[in-house]
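Should a chain be cited, it is by its letter among A, B, C, D and E, assigned in written order, with residues numbered from 1 in that chain.
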Amino acid sequence: MNNVLHLAYLVPLFPLLGFLINGLGRKSMSKSLIGIVGSGAILASFVVSIWIFMQVKGGNTFTAEYFDFISAGKLTIPFAFKIDQLSSLFLLIITGVGFLIHVYSTSYMHEEKSEHFGRYFAYLNLFVFSMLLLVMGGNYVIMFIGWEGVGLCSYLLIGFWFKKPEYNKAANKAFIMNRIGDLAFLIAIFWLIWKLDTVSYDAVFSAVKDGSPALGKTDILVITLLLFVGATGKSAQIPLYTWLPDAMAGPTPVSALIHAATMVTAGIYMIVRSNILYSLAPVTLNVIAIVGIATALLAATIALKQNDIKKVLAYSTVSQLGYMFLALGTGSYIAAVFHVMTHAFFKALLFLGSGSVIHAMGGEQDIRKMGGLSKYMKITNITFLIGCLAIAGIPGLSGFFSKDEILAGAFMKSPILYGVGLFTALLTAFYMFRLYATTFRGSFRGTHDQEHHLHESPAAITFPLIVLAILSIIGGYVGVPEFIMQGAHSLNTFLAPVIASVDHGAGHAATHLTHSEEWMLTGLSTVLIVAVVVFAWTKFSKKPDTEEATGFGKVLANKWYVDEIYDAVIVRPLNKLSNFLDNMLEKPVIDGLVNGVGKLVNYSSRQLRLLQSGQVGSYVLLMVISMLLIFALQFFLRK
Amino acid sequence: MIAVLLILIPLLTGLAAFFFRNEKAARSWALFSSVLTLAVSILGLTVLKQAKYLSHQCEWMQGLGSSFSVSLDGMGQILCLLTAVSYPIIFLSTWHSSYKKANNFFALMLLAQAGLMGVFLAMDALLFYFFWELALIPVYFLCSQWGGERRIQVTFKFFIYTFVGSVLMLIGILFVYTHTADHSFAIDSFYKANLPFGSQHWLFWLFFVAFAIKMPIFPLHTWQPDAYEQSPTATTMVLSGIMVKMGVLGLLRWLLPVLPVASYSYGDTVSRLAIIGMIYASIIAIRQDDIKRLIAYSSIAHIGLMCLTIFSENKVGLQGVMVQMFNHGVNIIGLWIMVELIERQFGTRKMSELGGLAQKAPAMVIFFVIIALANIALPLTNAFVGEFLMFTGVFTSTVTKYNILFTVLAGLCIILAAVYTLNMIRKIFFGEANALTSTAMDLRLNEKIALSAIVGLIIWMGVYPKPMLDLTNEISDSILKISDVQHLLKK
Amino acid sequence: MNALILSAVLGVIMMFSGITLKQKSAVRGVAITGLAALLLANILELRGIHFFKIDVEGMMYFDRFALLFITIALFATLVYFILSARDMEKVGADYAEYFALIFFITCGIILVASFKSLLILFLGIEIISIPLYILTGADKRNLKGNEGSLKYFLMGAFSTGLMLMGIALIYGAAGTFDVEKMKFAIETPAVLPVTGMLLLLFSMSFKVSAAPFHFWTPDVYDGAPTVFTSFMATIVKAAVFIGFIRLFDETFGTFQVKWQMWLAVIAAVTLFIGNITAVFQQSVKRMLAYSSIAQAGFMLFAVYAMNTSAKEGILLYAAAYSLATIGIFSVLNKLNDYTFEGFNGLAKQQPVVAASLTIFLLSLAGIPLTAGFLAKFFMLKSVIDTGTGVWLVIFAVLMAAVSVYYYFRVIQAMYFKEGKADITVTATFKWSLVAIAALIIILGTFPNVLINWLYF
Amino acid sequence: MPINYYIILSIALFCIGIVGVLTRRNAIIIFMCVELMLNAVNLLLVAFSKMHHLAGKAVLETAGTDGQLFVFFIMVVAAAEVSVGLAIIVMMYRNIHSVDVNFLNRLKH
Amino acid sequence: MALFGAMMVITSKNPVYSVLWLILTFFSISGHYILLNAQFLAIVNIIVYAGAIMVLFLFVIMLMNLNQTTEPKKNRWVKLAGVVAGGCLLLVLVAALKDTEIKQQTAEVATGSIGLIKNLGKELFSTYVVPFEISSILFLSAMVGAVLIGKKD
C-alpha cells in the first residue's frame, strides 16, 4: 500500500470515466467536448503510464491489491494490478497508440451524429479500459475480465454501424470466435485453481519455479495448450482467425487500434506473461511455432489477392501475428514483444493511412478504383510508404529489427521455420507494395466525382500519421541486435526480469548464433526483400492488378474458402441440428412423450368407459368374474 | 420475526388486494406491498440480522410432528432478497400493462410471492411442501387467466406436470418422516434421519423428479418454453426468475443433505442429464424465433449448470450456485421486461418481424445489451461471478471422475449462449427499421427505473460480489458437512 | 344412541309433517331444526350425556370413533340440508317423505358406524340401501331415474346376497355374529372364514363402489335426482366406509395378511378406473360419480393400513370429501346444464360462488391448505407407516395428478371460458358456501381441531 | 348329517341363483334369483346354527339360536326388499312397458 | 329336489312357471328346515316366502301380463359366459370349502329345541330386541318408500 504504484488504478480509471461521461452524456454533449473527454482521458492515462514506466524503469515493481473480487471456499481472487516491466511497456503502447487514434477519430468520425459520435468514443474508452485491465491484471481472472471486455468492445465497435446486417454478423462472428478461445482460457484458469487453488501470477509462477508437486508436467502442458487456444482466438491464429478480416467492418480507427495495435496482441501478452509455464512445455512451444508460421503463411497468401485496402491490411495483421507466435514458439519472447511494439506502430500507421485514403475517397475501399493518390495526399502517401517499408523489413526501420530477431530465433530452432518465415516475409513485402503501388502510384481509376473530392486529410488525421511514422522508423532502435551494437538491445535488458531463465528452454537467439551467421541471414533476407519490393513496385505502378483472379489466384482471393468450409462444417450443421432437435426431438419425442401420457390417459379413458356398458347383466358378470379370479388366486395360487 | 413478516406481508396484502375495485389503486397497493417486503428483507440483511429476528417457530399440527418453522439462512436470505427485489421491479416495469380485473391479478401475484417466500424460508418438510404447492396455485390462475392464446392447455400441462412432481416428493417426504427418530418433519430431523441405503436410491428419484420438473432439467423441461411463452410476462418473470429457484433450493436444502449417499451415487447420472439438457437447450435456442422461447431455452441451459454444480458437491461451486440463483433471477427478469416492452409495443415477439430498433430506442438497446451480456456471463457482470464459481466448482469437484469432461461440455454452452444471445440482439435491434419498428418509442420513466435497478444490481454483483458471497459461506459449509459421503461411509 | 333413536323418531315426525304442514318451507324448517337437535344430541353424547339408557350390549358399540363420525355425518347432512333442501322441491311432490327417508338413512348410518354384531351391520346397510333405492327413483317420470333405481336395486340385492353368504360362512366358522367374540387364528389358513371374509370384502366394496364392483355407481349417481346423488355419494358412502373399517379391523384384523393384498389391488384398480374414466366425461355430474369412485380408492387406503393414522385420516377424509362434494353438488343443482360447458363464465356472474367452488375442487384434488390435502396426506401416511405398499402410494399420487385434470376442467370453465352460466342464488346459500369453504381451509390448515377431538 | 353336505348344497343353490342373475333378462326373474340366493344363505345359516348348537349346547343351552334368528331377520329384510323392489319394477313397467333389463341402457359410459 | 327346482327357476321361459318352480324350491328348503328341527323357520318360510312373497311376485307378473310373453333371447355368448362364470364359481367354492376345517362336524338333525318358537322368541325379545326394533325402522322406510314409489302422481 505504501508503494506509489498503488496509484496505478488511475490508468484504467480515466478511460472508465471517459466511457461513463461519454456514454451517459452523449446526447447532451457537443462533439468537440466528447472528443476532448475521450482523448483527454486517454492522454491522462498515457501520462500516468509514462510515470509508471519511469517508476518501473527505476526498478520499482509492485502488485497492487484493491479489494477481494471473489472469495469463495479456499479460493480468493483479489482485484489486483501487477505493475512490472512487461505491463508497463504495454501500458505505454496501449495508451500511446490509443491516444493517437482517439485524436485521429475526432476528425475521422466527425460526420457521425453527435449521439453516435458519443457512443463511439464511449466504446473506444471502454476498450482502452478493458485492455488496460487485461495487461495490468495481477492474476488470470482479472486478465480474463479484460480479455472478455476487449472482445465485447471489439464486438460493439465492429457492429458500430448497426444498420448494416453484414456488419452485425461480422461482429457476432468476432465475439463468438473469441468466446471459443475464451472457453479454453477459462478452463486453463480452472485447471490452475484445481491444482494450485490460486490464479495470481506471483503465486502460480513461484509455484512453477519451485517445481510445486501439485502441478505435474501434464498439467503444465495442458494449461499452456489451453492458454494458447485462448490466444488463438484473441490473436486470430489458425483456426480461429477468420473473424479478424471480417472485423474490418468497423470504423477504420477501430481497426487500427483494436484489430492491429492492441487487442489482437493480447494473446502474445498472455503467453509472454506466462512464459515460465511455456518454457516448461516444449511441446506447446512447438505447437505454437507451427501454428504461428502456418498462420503467417496462410494469411500472407490470402493477402496477395485481396482488393479491399483494409482486408489486405487485416490479413497482413494476421500474418504478422503469426510471426509473433512464431517468435513465442521459438522461445524468443522478447522478440515477440518487440514485434508487438513495432507492429503496433506501423500497422496502426498503415490502418490510419488507409483510413485517410478511405476518408478521401468518400468511403471507397477497393484499391482497384484508386491509384495515383500520391499526387493528392502527400502526407498520407509518405507516411503510408514508411509504414510499408517498415512492415516489409527494410533495414533501418523498426520492422526490420523485430522481424530479423524473430527470423534469427526461428533459424536457431529449425531452418525450415526460417525458410518459411523468410518466404512469408517476402510475400509480405510483395503484397504490401502491391497495395501501395496500386493505391498511390499509377493513375487515378475512380469516378470523376471522387477525383474532385480528393484532398489531404485534416491535421487531426495527419498528426497521428506523422507521429506514428516517426515511431515506425525509430521504434526499432530500442532493440538493436547485439551483433550490430553491443548492449544496444535495451528492450532485452528492460524485460529480462519478467522472462524466466530456464536452462533447457530456448534462450536468446543472439547467444547461440554467431555474429557472422546473423550477418549472413540478415543480409540474405534484406537483399531478397528489397528485390521483391522493387519488383512489386514496378509491376503494380504500371499495370495494376485489376482483373478478376483466376485459377489459384481465385482460391487465394476467396481466402482458401475457409469461411465456406467453416460455414459448411460448423455453422450450417449447427443450425440444422438446432432445427432438427427442435422439430424432430423436442416437439415430437420429448414433448410428445409428455403429451403422449396425457393422450394415453385420454385414450384409456375413452376405452375404459366402454366397460360401463349400461347393461346390468354385464356389470354383474364382470363382478362375478373378478370374484372368481380373486377366489381362484386366493385358494389355488396363494396357498 | 423477519421471516414471518416476509410471508405475512404479501399474504395479507394479497388477500386485501382482492377487494380493490380500482385498477390504479390495486397497482399502487401491490407496489407498496412489494416495497414494504423489500424493506423488511433488507432490514433482515442489515440491521436485524441476529438469529432471533431471522427465525421463528411455533406449534402447528403438532400431532403430525410438524411445526411452523421458518428461518432465514444464507441461502434463504439470498432468495428472499431476490423475491423481494424482483417484485417491485416487476410491478414497476409492467406499470403500463393493463389487465382485466387488475385487483385479482395483483392479489394473485402477491399470494404467489407469499408462497415463494414460504418455500425459501420453510424449515419443516411439510410446511415446505405446503408452500411449494401454494406458490403454484396463484401462478396457475395468473397464467390461465391473463396469458396468451393457448394459455389454458399450456398452463394446465404445466400445472399437472409440476403437480406430479410434487406429489412424488410428498411421498418421499412422508417416507423420510417415518424414518426420523422423533417422527418429525423438522429439517434437522430429516438431516439426521437414519435412512437405509437401499431406500435412499428410489427416494432420491422421488425428490429429484419434483425438483427437476420445477427447475427444469432435461428431459422434464418441455412445459417450460410453452408456459413462458403463454404466460403474461409479469408472471413469466416470477416463474423464471424466482420459481425455478424453488427447484434449485430444493436440491440444495432438501435433497443433498437428506439423501447424501444417493446424491453421491447418482451424481454422475444427474450431471449427465444436466449437461445433455444444457447443450440441447442451447442448440435449440439458436433457431427460436420467438424471443420468449429463446429465453426460456437459455434459462434451461443456465439452470442445468446449477444442477450440474450442485452435484459436484464442492464449496466453491455451491457458493456459486447460490449467488447465481440471485443473479440469474435478476438477469432473466430484466430480459423479460424487455420482452414485455417489445411485445406491448409491437404486438409480436417474433424476431423475424422486428429489427432496427436500435435507431428508435437507444436507451432500450443499451439496457437490453447489458442484460443480455450479463445473461452470457460477461466479466464484470453478475452472472460471471456465479458461473465462474460454478465452473470452478465442477472442475475441482472431487465426487466425480468426469470433472474435466463435464466442464468442457458445459463450457460449450458458454459459446452457444453467445451465439443465440447475440443473434437475438442483432435481429431485434440492428439492421434497418421496418414498418413495424419504425414507430417505436423508447423507454418510459418507470421502465427506466426498473431497468436501472436491474443494471445496477448486475454491475454491483459483478464487480463487488463479496457481500453476497459472504452470505453463502456458512450455509454452503453446513450443507457440505451434512452431505459428506466419505464421512458417512466411514461411519 | 341418542342420535339413533332421535333420528328414527324424526323420521316418523317428518312422515307426518307432510300431512300436517302444508308449507314446504315449514317442512324444511322442521327438518333442519330436527337435524340440528340431532347433531346437538350426538355432541352431548360425545360429552358423556346419554338420554336413553338402553342396554345394547353385544349389538352396538358407541365409542369415540363412532360418535365422532356420526357427528361429522350429521354435520355434513345439516350442511346438505341447508344448501340443497330447497332443491328437493324440484324432484317431486313428496317433499316431507324425502326428509323422512333421509332421516331413516341417518339411522342406518348410525347403525353402520357403531355396529358390533354382523346382524346390525346387515340391518344398517339395508336401512341405508332401501330408502336409497327409492330416492334414486324419486323422480318417477324421469326414465333415467327409474333406470338407475332399478339397476341399483337389482345389483344392491345381489350384493346383499353376497354379504349374507359371507356372514353365514363366518358364522359357520365362528359360531357368533359378535365381532368381538370372533377370534380367528392367524396361523391356520381357515378356508371358511377366508371365503366369508372375501365375500364380505366384495359386498362392502360394492357398497363403497370400489372397482370392480363399482359399476352401479356412475349409472345410479347419474340417474338419481342430483340432490340425492349428492347425499348418497358423500355421507352414505363415508358411513359405509366406517363400517368397512370397523368390520375389517375388529373382525378380520387378525389375518390382515390375507386381505391386505387384495385390498391393495382393489384400491389400485379403483383409483385407476375412477380417475381415468372421469377424464373423458362430459357431464360434471357423471364426472363427480367417477370422482367419488376415485376418492373411494383413496379411502380404501385407510382400510388397507388400518392403523391410528388411518382412523384419524378416514374421519378427516369423510369430512373433507363430504363437505366439498356436497358443496359442488349444491351448485350443480342450480344449473340447468350439467356438462362442463354449463359452468362457463360462472366466475363472472357469481364470483363468490365460483371462488367457493374452486376451493371445493382444490380440496377434492388434494391441494395443500385444504382439508382434502390433509385427508389424502393421512391416507398416504397411513400406508407408508405400514412400511409396505409403496408402489400403491406412488400409483395413487399419480392418479391424484390425473384427478387434477378433471377437477380443474371445472375451474377452467368457470374462470377462463366465456359463457353465461347464470344462476340465481340466495344470500344464505352464498354465505353458507363461503362458510363451508372457510371450514375446509381451516380443517386443512389446523386439522388439530378435528384430531384433538379424537383424543379428548 | 355332515355339515359339508349342507355347505355344498347351499353353495350350489347360491351359484344357481348367481347364474340366474347372469343369464336372465327379466327383472322380476333376476330378483327371484336373488331371493333364491338368500334362501341358500338361510339354509346354510340354519345348518350352521344346528351345528353350533350341537357343539355348544353343553356349555350354553341357547347356543346356535342366533343363527336362526338371523334367518328370521333375513326374511324380514327380504320381505321389505321385495315390497320396494316390486314397487320399483312396477314403476319401471309403467314407464317403459317392459321389465327387460337390456332396455336399461340410457345410462352408460 | 331343491336343486332341481332352482335349476328350473332359471331355465323356465315363462315367468309364471319360474315362480312356481321357485315355490317348489322353497318348499323343499322348508323340508330341510324341518329335517333340521327348525320348525318355526320352516313355517315362516312357507308363509312368508312361498306364501306372501311369491304371491306378490305372481301378482306383479300377472299385472304386467308377462305370462304370455316369453322374454327375448339374451345374447347366447353372454348367457354362456354367465353359465360358465357361475359354474366356475361353484367349482371353486366347492373345491375350497370341501376341505374346510369343520367338515367333521355335523349338523344336529331332527333333534334339538332351539328351532322351536318358544326358545327363539325368548332370545328374540331379550338379546335381539334392539335389532328387532331396528327392523321396524326398516319396515317403516320400506313402507314409506313403497308408497312413495307406487303412488300415482
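Going forward, contacts are C-beta pairs under 8 Å (C-beta built on N, C-alpha and C of every residue); 3 or more make two chains touch, one makes a residue touch a chain.
No experiment lies behind these values; they were computed from the predicted model shown.
Q: So if I look at the partners of subunit C and the partners of subunit E, which chains show up in both lists?
A: A, D
Q: Compute the shortest path length in steps from subunit B to subunit C over the network of touching chains.
A: The distance in steps between these two chains is 1.
Q: So which chain ends up closest to the centre of the protein, judged by Cα positions averaged per chain?
A: Taking the mean of C-alpha atoms per chain, the most central one is B.
Q: If you tally contacts for every chain pair, which pair is highest?
A: The largest set of C-beta contacts joins the chains D-E.
Q: From the C-alpha centre of subunit C to that of subunit D, how far is it in Å?
A: Result: the chain centres lie 26 Å from each other.
Q: Round to the nearest whole Å and give the separation of the Cα centres of subunit A and subunit D.
A: Here subunit A and subunit D have centroids separated by 97 Å.
Q: State, to the nearest whole Å, the distance from the C-alpha centre of subunit B to the C-alpha centre of subunit E.
A: 70
Q: Where the CA atoms of subunit D average out and where those of subunit E average out, how many Å apart are those spots?
A: Whole-Å distance between the two chain centres: 5.
Q: Would you mind listing the residues of subunit B that make contact with two or more other chains?
A: Residues 160 of subunit B touch two or more partner chains.
Q: Of all the residues in subunit C, which ones touch at least 2 other chains?
A: 119, 123, 126, 130, 133-134, 137, 140-141, 151, 154, 158, 172, 191, 195, 218-219, 405
Q: Indicate the residues of subunit A shared as contacts by at least two other chains.
A: Where subunit A meets two or more other chains at a single residue, that happens at 609, 612, 614, 616-617, 620-621, 624, 627, 631, 635.
Q: By the touch definition up top, name every chain pair that qualifies.
A: So, checking each combination of chains, I get A-B, A-C, A-D, A-E, B-C, C-D, C-E, D-E as the touching pairs.
Q: Inside the complex, what are the residues of subunit C that reach subunit E?
A: Against subunit E, the touching part of subunit C is residues 8, 11-12, 15, 54, 56, 58-60, 92-94, 97, 100-101, 104-105, 107, 111, 117, 119-120, 123-124, 126-127, 130-131, 133-134, 137-138, 140-141, 172-173, 188, 190-192, 195.
Q: So in the complex, the part of subunit C that touches subunit B is made up of which residues?
A: The contact residues of subunit C facing subunit B are 362, 366-369, 373, 377, 380-381, 384-385, 387, 390, 393-394, 397-398, 400-401, 404-405, 408, 412, 415-416, 446-448, 451-452.
Q: Which of the residues in subunit D come into contact with subunit E in the complex?
A: It comes out as residues 1-4, 6-9, 11-13, 15-20, 22-26, 28-29, 31-33, 35-36, 39, 42-43, 46-51, 53-55, 57, 62-66, 68-69, 71-73, 75-84, 86-91, 93, 99-100, 102.
Q: Could you pull out which subunit D residues touch subunit C in their complex?
A: Within the complex, subunit D touches subunit C at residues 3, 7, 10, 14, 17, 21, 27, 30-31, 34, 37-38, 40-41, 44-45, 48-49, 51-52, 55-56, 63-64, 66-67, 69-70, 73-74, 77, 80-81, 84-85, 87-89, 91-92, 95-96, 101, 104, 106-108.
Q: Under the stated contact criterion, what part of subunit C meets subunit A in this complex?
A: Checking each residue of subunit C against subunit A gives 151, 154-155, 158, 162, 189, 191, 194-195, 198, 202, 206, 212-213, 215-216, 218-219, 258, 261-262, 273, 276-281, 402, 405.
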